[in-house]
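As written, the chain order gives the labels A, B, C and D, with residue 1 at the start of each chain.
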Amino acid sequence: MSEAEVVNMPIAKAINEGLRRAMADNDRVILMGEDIGTLGGVFRVTDALQAEFGSARVLDTPLAESGIIGSAIGLAMNGYRPVCEIQFDGFIFPGFDQITSQLAKLTSRHDGLLNFPVVIRVPYGGHIGAVEHHQESPEAYFAHTPGLRLVSPSTANDAYWMIQQAIASNDPVMFFEPKAKYWAKGDVALEGEPLGLHKTRVARIGKDVTVVGHGAMVPVLLQAAQVAQSEGTSIEVLDLRSISPIDYDPILESVRKTGRLVVAQEAPGSVSVGSEIAATVAEKAFYSLQAPVLRVSGYDTPFPPAKLEGLYLPDADRVLEAVDRTLSY
Amino acid sequence: MSEAEVVNMPIAKAINEGLRRAMADNDRVILMGEDIGTLGGVFRVTDALQAEFGSARVLDTPLAESGIIGSAIGLAMNGYRPVCEIQFDGFIFPGFDQITSQLAKLTSRHDGLLNFPVVIRVPYGGHIGAVEHHQESPEAYFAHTPGLRLVSPSTANDAYWMIQQAIASNDPVMFFEPKAKYWAKGDVALEGEPLGLHKTRVARIGKDVTVVGHGAMVPVLLQAAQVAQSEGTSIEVLDLRSISPIDYDPILESVRKTGRLVVAQEAPGSVSVGSEIAATVAEKAFYSLQAPVLRVSGYDTPFPPAKLEGLYLPDADRVLEAVDRTLSY
Amino acid sequence: MPWVQDPQPVQFLTPDGDFAPNESAQAFAAELESLDLVALQEMYRDMALTRAFDTECTNLQRQGQLALWVPSVGQEGAQVGSARAALPQDHIFPSYREHAVARIRGVNLVNVVAQFRGVTHGGWDVTDPAHGNFHLYTLVIGSQALHATGFALSQVLDATKKAGEKDLPAGAQGRETNEATIVYFGDGATSQGDVNEAMIFAASYQTPQLFFVQNNKWAISVPVERQARTPIYRRAAGFGLKSIQIDGNDILASYAVSNRMLKDARAGGGPQFIEALTYRIGAHTTSDDPTKYRENEELLEWQAKDPIRRFEKYIKSQGAEDSFFEQVAADAGELALKIRDGVLHMPVPEPGAMFKHVYAEEHPVMQGQAAWLERYENSFEAGESA
Amino acid sequence: MPWVQDPQPVQFLTPDGDFAPNESAQAFAAELESLDLVALQEMYRDMALTRAFDTECTNLQRQGQLALWVPSVGQEGAQVGSARAALPQDHIFPSYREHAVARIRGVNLVNVVAQFRGVTHGGWDVTDPAHGNFHLYTLVIGSQALHATGFALSQVLDATKKAGEKDLPAGAQGRETNEATIVYFGDGATSQGDVNEAMIFAASYQTPQLFFVQNNKWAISVPVERQARTPIYRRAAGFGLKSIQIDGNDILASYAVSNRMLKDARAGGGPQFIEALTYRIGAHTTSDDPTKYRENEELLEWQAKDPIRRFEKYIKSQGAEDSFFEQVAADAGELALKIRDGVLHMPVPEPGAMFKHVYAEEHPVMQGQAAWLERYENSFEAGESA
């Protein structure tokens, strides 16, 4: 891959570029959502796409999430590949029935004779100081639902490629965008062969403790690893990338090496993706684990008012506290 | 407690009696739902209650689950204690936003100054040979949601008491009724002091392996224990009763004794209540466990057509297979 | 005070089968011109065979061969009239009671029964042209309305592209598509948010769509008065759909108004709505006991308005002969036998089927669990043979 | 062809402040009789102070003191007119922009700002009688409409019990309650299933309720033409609600029609609906840049219809003196200072607050996590002091 093809850009822009390329490549790809057209989305992720592709491919919809997902299903039935934007994580729930009882089940209801290549983009997570319903991490609801795929990029390069891979998938894909990192820049290789959509990535090699997370958690984990290094602890950081299915091989491989695992997530910990990883690793790596798998999560409360989000959201300190605890076994 | 106060009745009738008593005791208790009035519900759980209390206390609603939950919230704001029936598990999702973004959060949004004593009755689970959406186990979605309480009786006595305790609670309670067991009879002590709503119950004492489950899983676990006994394995059976919060003390106590745990549930296993129990027990009983916590669950597929439900739903054989596996460590 | 003056529901045939179009019907009379005796007889046959099918399925359920049956008895007029107005290129999104429509569009009725025997959640290949673009039944009340709207929107997008245009601004007029989408649902379903959102989206994008509500007066045990205080067709008018109420037991009314509205929809006239006043003569499903909640007089009253008997009288007056009716009766008997045979010999899916189509693409969890189940099942056979 | 002939929106005051009731207004003129100059001045003051409040909050946001502000500029006429028609016993469910209503009902406006400073998701004690039954803001678009309907249903149930009756059959007429419920929402919100279900339930139970939509032409960047092809008030009429469109920038129209409808609702007349045509003069929120999606001419056009200036001219013609306006200006300045001071001194919640009211009753997970967090926080202090 030549250097000329590498461009430094923020994550929001990388998604925008990925969308643009997917739309240019396939005229059945359409975008739908609230305020995604003229405005380019409240986070400007779809900026300029309506001007380029027209309002028959970048559709501002009426204000109704069930309507957005339900219509996307009908569009998919006629060969379209709709990419729906949910404006904020907390507003996905009015569309919940269409996602879980319809979209997730329709491939099997049709015995695989029809596909439902619908992408649902969800800007998710905290750290933006916003009001209620604007900072949530609802991944667990969908990860529990058979028939959906869930992914979440943590870098600009992944954002660019994974949105295209999600659109190319013939299955429904929920695409969780770490909105607090929309403006975080990174190098994007515009050409080349990306990592598989559902692959866990080793983000930093270490040997004492494994930590795993996705989205906006990954930079926190890397920061924790940095701090730990200065204190003599070597942390291996895994970027989950795919929340459903989970690519367990790299996690198990790492745990077999370190014997210790900390799972970090912004979502409430009970019945969460972290619970699943902890349960599965504790089962599959039973003889390798030298300490219980520890979870660092949002508390089991509604996402608090912004002034408390710093306490609520796992930061490097909380990750390190758990790392220290696993080392104390 | 005198013997005269013990009556043998099916679970559906026990809930009916519990509802009747709660309504007689407190005229702010009202029932709402589709077909619960004249018809007495499609499972007849509310049979004869409209005739007794009137259609201003047993309300047949328009056909809209969001409308049912959303109105129940408004009723609760004026001091009513609404008990909502969702006709079948799979039809709860149109009401999902009102449950998770409103009902579950409203107590904290109000700083505790208003309470939301809403009960949501959900006939749930398989084993009735029904069509799509009629046999699901959606507990995980709600157990992940802060602000809700989830319980599920497995006996007629619990059914009678727990529905009353749920109605008496000042918090929103989701009441999962094992519909396949509606006609299973049991002794109900009509007076006396019931076990706490959120207590795990030891349903059978054993020493080799602990198994835990709720609702219609419990009789399956007891059956497995019976079979195991004849093969020389002593299984301790725990009836979870409360899905959120989970009463971990009896589980940990049992695991400290047996060193082995199998968690059984009808729901898909990924990111499930079983994942949470497995993760937590593996953490809290790290040094006691002699084998990994194993989960026996529905597969991670949509609930299959009825002819396959026998394969999908964990039965005593599948529980025993897992028991054997934990013993092989 | 009424806020709108409701016209009479469109009616051509009186309950006694006399052709006597009322005032509301006049505007649609031209739609019937193309119906010759052959066509009329075909429509009669549609209704009669569907009823025979329903009777057979009810019997099969009683005999333990089906977990459940959902009869359409009494609603055949509304269904057949509208379905016969659809063109082959139109798409149809049913609820779960549109057996007459399924048959007309080419679906083998045995496949419609499959989900009630518990062997599938679907039953037919919707991509097979032989099935007339008849989509799967949907059991979550009202949710198919949005799928239909999305499908109809895709028809608009296709037409937009074909016209070489790239925009679909807010407020734009409807566009000629030459194909339409019909969605069926019940009176109870009109209370669901999804059905209302579907009308809102349809109006917004001016989709080529016909919303067809069979107001059969009941949603299980709940009377339509609980869902609506005003005629349901007015809701659609409020959303800006063209909306008309018809005598749903008059197959000619159903045909004529559907035909006109579908033509209008295909030509760019935007979404349309029909409220067909009809009645569910049987139980909601075979699990239901309607005597618990409704009066026998009501049933008798509606039996007197039966869509089949009414139409029988009419086509006799138009020249249909006894031999025709004898042939239909024979066909009905044959259909019943075919259904029975098909149901009794319906294959049970392989265990592995559960995992096969959850995802369109490879999925490690499906592969792992399918393999586990196979090993597990084999362990018994091994054990048994050992 | 239009399917309904729309009357003119009710208007008493022209944009220039002349009292010239149009035809639609005639029927409501009697509602204004009780408004003497004192009352009119109070209404003016309501609008002026709300605008000063909005300006101050926008400044506070610009200065980094608030995460966000949601201005109501331009919509004060619709809000104040309706809020002044409400009686103390009525309950009010706002969306998130009804600052004028909050103030009128007795909520300290500092508390309204609290959630935008990130210290709470609520902000005031809705059970305190001093707060005039003004419920919390709701950010999930349209969901409060169902809460309002449930609340209004509770008013029906209370009245039913009081009347010694136990039944509420389908189709029953409305019942006198002597109290009503108002719910506010926007034009965009009318597309949500919940708002439609709320109207359906309200019609079904004939609740004493006023649905008040402020059609400010925009839902963030989406024009109302995307939500609705026909005037929104017609939707409500379709559901069987009494429904009227008004000039929402005419405070007298808002007051008169709200007053009439609330009286009707309290007397058992069932649910009512007002579509107030107004305009969001400012940005959707301080995060928004409306120049990206709307034309300056539109803004200028609506600025010319400003509800405050219009009403100022009118009450001057009715005898309001300069001293009154000076006093209002002084009060506005004082309010702004009070708000600023209140915001800057707003206490930040304790960490433990997060766990405190998630449940009304004891909860082991909350206790455990609160204790953990306390220990964890203390460990830093311990470390720091060590």
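By definition in this document, a residue touches a chain if its C-beta (ideal position, glycine included) is under 8 Å from a C-beta of that chain, and two chains touch if they have at least 3 such contacts.
Given the structure is predicted, the values throughout are model-derived calculations rather than measurements.
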Quiz item: Relative to subunit B, which chain has the most distant C-alpha mean position?
Solution: D
Quiz item: Pick the pair with more C-beta contacts: B-D or A-D?
Solution: B-D
Quiz item: From the C-alpha centre of subunit A to that of subunit C, how far is it in Å?
Solution: 40
Quiz item: Roughly how far is subunit C from subunit D, going centre to centre by Cα mean, in whole Å?
Solution: 42
Practice problem: Determine the centre-to-centre distance between subunit A and subunit D, using the mean Cα coordinates as centres, and give it in whole Å. | Solution: 36
Quiz item: Got the subunit B residues that touch at least 2 other chains?
Solution: 60-62, 64, 66-67, 90, 93-94, 97, 101, 105, 108-109, 132-133, 146-147, 270, 299-302
Practice problem: Give the residues of subunit D that touch two or more other chains, as numbers and ranges in rising order. | Solution: 120-121, 140, 170, 191-194, 197, 200, 204, 222, 226-227, 358, 365
Practice problem: Name, in rising order, each residue of subunit B that touches subunit D in their complex. | Solution: 27, 30, 53-57, 59-62, 64, 66-67, 69-80, 94, 97-98, 101-102, 105, 107-117, 146-147, 149, 169-171, 245
Exercise. Would you pull the subunit D residues touching subunit A in the complex into a rising list?
Key: 67-68, 115-121, 139-141, 188-189, 191-194, 219-222, 226-227, 287-288, 292-293, 348-349, 351, 353-355, 358, 365-366, 369, 373, 376, 380
Quiz prompt | Interface residues, subunit D side, partner subunit C - complex | solution = 3-4, 170-171, 190-194, 196-197, 200, 203-204, 206, 222-223, 225-230, 234-240, 242-243
Quiz item: For subunit B, which residues are in contact with subunit C within the complex?
Solution: 34-35, 37-40, 42, 60-64, 66-67, 90-91, 93-94, 129-134, 270, 299-302, 304-309, 311-312, 317-318, 321
Quiz item: Considering the complex alone, what residue numbers of subunit C touch subunit A?
Solution: 120-122, 125-127, 135-136, 138, 140, 143, 145-155, 157-158, 160-161, 165-170, 193-194, 197-198, 200-201, 204, 356-361, 363-365
